[in-house]
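Have a look at these structures, which come just after this line.
Each of the next two complexes has subunit A plus one more chain, namely subunit B in the first and subunit C in the second.
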Partner chain A sequence: MNDYAIELDGVCKSYRFFDLDNISLQLARGTIMGLIGPNGAGKSTTIRILMGLVRQDRGEIRALGRRMPEEQASAKRDIGFASDDMRLYDGMTVGWHMNFMKSIYQSWDGDYAQLLLKRFGLRAEQKIKGLSHGQRVKATLLLVLARRPKLLVLDEPTTGLDPVARHEILYELTGVMADEGRSILFSSQNTQDVEQISDRITFIDRGRIIDSMDKEAYLERWRRLRLEAPAGVALPALPGVIGIRQTGRLAVVIANEFAPELPSAYESSGARVHAVENMTLEEIFVANVERSREGVTV
Partner chain B sequence: MNESVIWRLILKDVRLHRFQIILSSAVGAGALALFQTKREVPLVLGATWFSVALIVLGCMMPISNVVNERKNHHVAFLMSLPISARQYAMTKIASTFGMFFVPWALLAGGALLVIGAGFPHGAIPISTIITGLILTGFCVVAGTAVVSESEAWTTVAIVLCNSSYGIAWYLIIRVPETARQVGGSVAVWSPRLLTILGAECAVVILCLGLTLYLQSRKRDFI
Partner chain C sequence: MDSAFVISQADKRPIYLQIMEQIRQRVAVGDWVAEQAIPSIRQLAVDIGVSVITVKRAYLELEREGIIVTHQGKGSFVSPDSEVGTRIREEELARHLDQAARSAALLGISQKDLEKRIRESYERVTDAEKESV
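Right, the complex of A and B next:
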């Protein structure tokens, strides 16, 4: 058994107006990876390829050590997959879906399914067509979680949910990780959700992975410096700095490899450092995408 | 293990479509009951309802079981289950064809029994060819639905098949030996009728084979 729940190596897929270009990423067992990208970045395509819904043109994929899509039937016994465009059968009840899953998965945990039913405020006799969007998402996740999968692959599961529903779902996902052998790949445009539960973050834009590292490393390394530069003082582009925006005397410096010496280096160049601020994951994401689109590797 | 998943998916399709299957079969059986009156008007009504029951079932199954499954975004849910893309496709082919073929075989068999018991046997060849034509049309529609997964293309296939039934029946009735022997007491299988029946069988086999072949070459399932 290798140490990775997911391995993508040089995965490419071409469409008429979109290319997924050389996607390589690894998700270690027992970790949660957040896949963040704007609309049309390639998050869903990457996940569909991983799940065998779409076949890659090139590249190797392994999920739980099994080659995809060749061994998808056996791999998917241990993978729980849910996406925001996945729909259950409108005319059937939540209970019917639960029985259907129970008939397929030996790992189905009936007690846990009943517990989730209560926690999510669902009733087994409710038909899917009578559920709100949030309840449908919860019903789908219930079906996925009660299988007790070793790997969860979730494509924008919190899209369109109210804050309470999002909180309930994120709480359950973190609960899944109580078993250290489990792993989650979780795509979202909502950086708050990803920041809340992920160990590792991967940014994707325009079909390319633009950065991937531990969440803590991002939050540690990225800083925003607010400076005042007197007239005639040119702010130098120091190592670790990826952007300087200056409006009159005031300047904002973005560093993706912040070092404690950076503020004093700017002080030495004649600027006054007003503040050194931590950046949120959303700010890091936006800065990353902007730099990537300008053609600079961050 | 995987055979059981495939079987569960087929049973799921049957469960979801049981009312359509039961309703069509009931209408077809009722139509056969009208045959027993042996009077002209109920006979014509029975023949019409019998054909309509099978034709409607043949149109509904591909639309409901294949096209709507994609349109309603159920494919992603089903493909999250432990099956391969090819197994999912085979499941769809098996359930769609099976859910039509079983009622069709029962009703077509019933029709031949009713005709054999109470009508001149000369009507048996033309009845066989007409019910065979409905099966052929269904195979064309179902094959189009499975391969294209498109409502538009499936509708085109339905329109073409349904409009060709009337023309085909008209031409079959005008085959000289059919008109001559339909009222006779003995079923006569002329070479021309056997050729038509053979052509129907060939189209059914071709549709099934092409559907399996084209489906096995698909790379993307969503």
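Right, the complex of A and C next:
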């Protein structure tokens, strides 16, 4: 047993119009990682490779210390995986699925399953066929959560859910972390969800990892400075700055490697610092993608 | 979420700062008293529904401010300083006063004028409170 729930090392996969390029990341046991990135960035492909559903061209993968895809049969006893394209049996009820999972997995927690059923507003006698999209997502998550797996891998678990359902799911996911031995990897388009519940953030764009680090450290690195420059003076791009927008005297500076000296450095170049602001993950996401789209390397 | 902590998206501050402030408030109003055991980092993260690393950061900063202490293997506690609640309220007042002084300096208001305005403000507020009783 090592300390990582997930290890990807130099994972590559080529498709005709898309390459997953040298993906390396680690998820320590007992932590939650949020995988973010624009549509088509490679989040789902990464997850599918991790789960052994797609075979990598190159690179090493371990899930709970077991090599993937070679040892996936034993690894998957301890991994709960849920994605949008998971098939439930349309003609069968939620309760039938619960019994089915119970017959396969020794770790099935019947009491917790009943509790989730109530919290998610589902009924055991409902047929899958009659469920709304949101109910179907909740049923899928119930079936995975009640197994109490050591590792949860969730592809977009909150997409398409109403705010109440989203909060229920997020609450259940953070609840999982009460047990220090359990870990979660989830992808999401919702940066608020990721900002709220992740310990670690991995940012993917165009098949490559842009950043993978502790969430607090990541948010701390980014700042927005609101400055006033003397008339006619263009502000310099100081180290750590990735963007400057200046209209007249007022300027907004975005730093992705913020250092405490930055505001005073701008003051010594003649500007006045009106504010130094934290950025939300959503704002960082947009700034990051815009930068990569412009092809600017920093 | 079964906790009275509120993490709001309307609040522009990072989540760890929101948690810090709500812990400070609990100590300031005396809900959490000196030496009292407080939830573990993991427990509070689960109760609020936020990540462990965020609560850890809030606790570390509060330790640095001397508001809580963490004993290896025993958990976290409110500082043994019995004046900790008062200290938090004093510090908050000092922050507001600093802010007022900064705004006044920016607007070119003299120290004397600021003092006069604070006196007036104090009278206004205490009068309003007398009336509302």
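Everything below uses one rule, namely that the second predicted complex is superposed on the first by the 290 of 298 C-alpha atoms of A that agree within 3 Å, B and C clash if a C-alpha of one lies under 4 Å from a C-alpha of the other, contacts with A are read in each partner's own complex, and residues count from 1 in each chain.
The definition used in the following text is that a contact is a pair of C-beta atoms (placed from the backbone, for glycine too) under 8 Å apart; a residue touches a chain by one contact, two chains touch by 3 or more.
Computed from a prediction, not measured in an experiment: that's the story for all the values here.
Asker: For A:D211, is the partner it touches subunit B (first), subunit C (second), both, or none of the two (neither)?
Answerer: Touch partners of A:D211: none, neither subunit B nor subunit C.
Asker: With the two complexes superposed on chain A, say which partner A:R77 touches: subunit B (first), subunit C (second), both, or neither.
Answerer: Touch partner of A:R77: subunit B, not subunit C.
Asker: Taking the superposition as given, does A:M86 touch the first partner, subunit B, the second, subunit C, both, or neither?
Answerer: first
Asker: First (subunit B), second (subunit C), both or neither: which does A:D193 touch?
Answerer: neither
Asker: After the superposition on A, what does A:L170 contact: first (subunit B), second (subunit C), both or neither?
Answerer: second
Asker: May I ask you to name which of subunit B and subunit C touches more residues of subunit A?
Answerer: Counting contacted residues of subunit A, the larger count belongs to B.
Asker: With both complexes superposed on chain A, which partner does A:N278 reach: first (subunit B), second (subunit C), both or neither?
Answerer: second
Asker: Is A:E7 contacted by the first partner subunit B, the second partner subunit C, both or neither?
Answerer: neither
Asker: Where on subunit A is subunit C touching in the complex?
Answerer: For subunit A paired with subunit C, touching residues are 30-32, 167, 170-171, 174-175, 177-178, 180, 192, 195-200, 214-216, 219, 277-278.
Asker: So in the complex, which bits of subunit B are touching subunit A?
Answerer: 2, 4-5, 8, 12, 16, 72-77, 79-85, 87, 219-222
Asker: Within their complex, state which residues of subunit C touch subunit A.
Answerer: 1, 7, 9, 12-16, 42-43, 45-46, 48-54, 57
Asker: Please give the residue numbers of subunit A that touch subunit B in the complex, ascending.
Answerer: 48, 51-55, 69, 72-77, 79-83, 85-92, 100, 103-105, 140, 144
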